[in-house]
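What follows is a single structure, written as structure tokens, with notes after it.
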């Protein structure tokens, strides 16, 4: 849980947290990639992606786009349980640094942990670290925009 | 073609450029997503991704991860035809701003144009703009690292 | 002028544009550094910073922080003439790539051109290129947040 | 100290660490701003900047450029004590998110803590958090490039 933002527990909506798992399982792009939500806590989420040939380049290394997708998904979800139901949260931008490549042969699972660093009425900042079997492979930081429901 | 870097035409290796199309078609992650290389010119590449349900979230909007993947792929390829054969180019980091969402119903194709801004012995900087049917949907900038062949 | 955003001329407030020059001259940090606003047009601003020992490191190269400051200042101003008077615009984040170093001995002036890529009710995205005597030295991109006046 | 990178203590050159304090005191841009190095440890550095009118905008808020400069300075130094003497380290890029503004009236000191996340032969990644009197005001991440000495 992020120490940087106060009152996360009080704001945390466990039902919304549960819905994020369902939303990720339900189909579309998260399903195409193979994403699943492992943990949702106040201000923190863990999303995983098993290594398999389909997320690798033909030379047998996990594609940067798959790692960026894992990050984007985690960033876009981590703030949802902390805002009023009905609000819409979108990743407005993020930056990612790749620090280790992951080869297909290594198998295992990529896991991103995203954590809220700051949460205001309309803007939040979150950080994400991606690891593969205990080794850090990428670091990211992004901005989330909290929108009122479109009518 | 990028005006910012001199001598791109002389450095441009058309065979490598052609291989990038093949590499993108050959399978793995680019195939899972549906990426294809449309144009490769000195210092510039265009990669496209048709909109379909599999790259969208379940609410019917193209997932940010798919757009980030399109960007990452273009960035990682744009410098290859400009460096000595055998060298390895990797996106070491990038940043992306999403400016418009794209709905599944809009159909059409996402297209990223990546352009080299700077090219040194080991580091290059490139910019990428993503558009959907003439409308800009994301802007990105990243750093490429040029490695000697691994032995 | 940015081709990416429509209606910039109609939105452009020339009085606010003029005030940005005054604001930059008036003192504080822009004065400490030596910034001045050269051009303000719809969706575009040029800010300059003459090279002198005080903005260099002791080894005689312009400090990255001075270049980042030039970028931050331009990004934070470029949207002002395009929003209603009284609104507050702040750089919420930016990313910068340094591509060439500038030595003190080269003298001359650093110039940043910032350009609006996207402008919505509360969020804008702008790009900035820094050049020194015709040579590109840094590239940046950032997000601006448009706030209602604090009461 | 960063847990992410192994062997930092063994690589740490205390003499270089001491030189970074001197380098920051010696003049030029760090002196213009008022930067000073508080702590240098293996993989971690703390740099501070007292709040005063000269680093604020005329409306009495610390200028984003001053905060970005503080970050850039810390990022550019944190890797030096970990590489062979004579090598040159430069911030090749960074990204910063501003999360709180700091008003001149609040006085006090801005402090950035930069920490190495990854260190390879030529590339390092570091993270930086800026706080003002215990409150986090900005978060950053950047890439450092380690160069052989120029001849």
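Letters A, B, C and D mark the chains as written, and numbering starts fresh at 1 in each.
Just so it is clear, contacts are C-beta pairs under 8 Å (C-beta built on N, C-alpha and C of every residue); 3 or more make two chains touch, one makes a residue touch a chain.
It should be emphasised that the depicted structure is a prediction, and the values quoted were computed from it without experimental measurement.
Asker: Suppose chain centres are the mean of their C-alpha atoms. Which chain sits farthest from chain B?
Answerer: The chain lying farthest from chain B is D.
Asker: State the pair with the higher C-beta contact count; candidates are C-D and B-C.
Answerer: Pair with the higher count of C-beta contacts: C-D.
Asker: Approximately how many whole Å separate the CA-defined centres of chain B and chain C?
Answerer: Distance between chain centres, rounded to whole Å: 28 Å.
Asker: Mind checking the centre-to-centre distance between chain B and chain D? Centres are C-alpha means, answer in whole Å.
Answerer: 32
Asker: Can you work out the whole-Å distance between the CA centroids of chain C and chain D?
Answerer: Distance between chain centres: 23 Å.
Asker: Scan chain C for residues touching two or more other chains and write them down.
Answerer: 92-93, 95, 97, 125, 143
Asker: Which residues of chain D touch chain B in their complex?
Answerer: For chain D paired with chain B, touching residues are 92-93, 95, 122-123, 125, 143, 145.
Asker: Where on chain C does chain D make contact in their complex?
Answerer: 23, 26-30, 32-33, 53-58, 63-66, 68-73, 76, 90-98, 101
Asker: Looking at the complex, which residues from chain D come into contact with chain A?
Answerer: Touch list, chain D to chain A: 4, 95, 97, 99-100, 117-118, 120, 125, 127, 136, 139, 141, 143.
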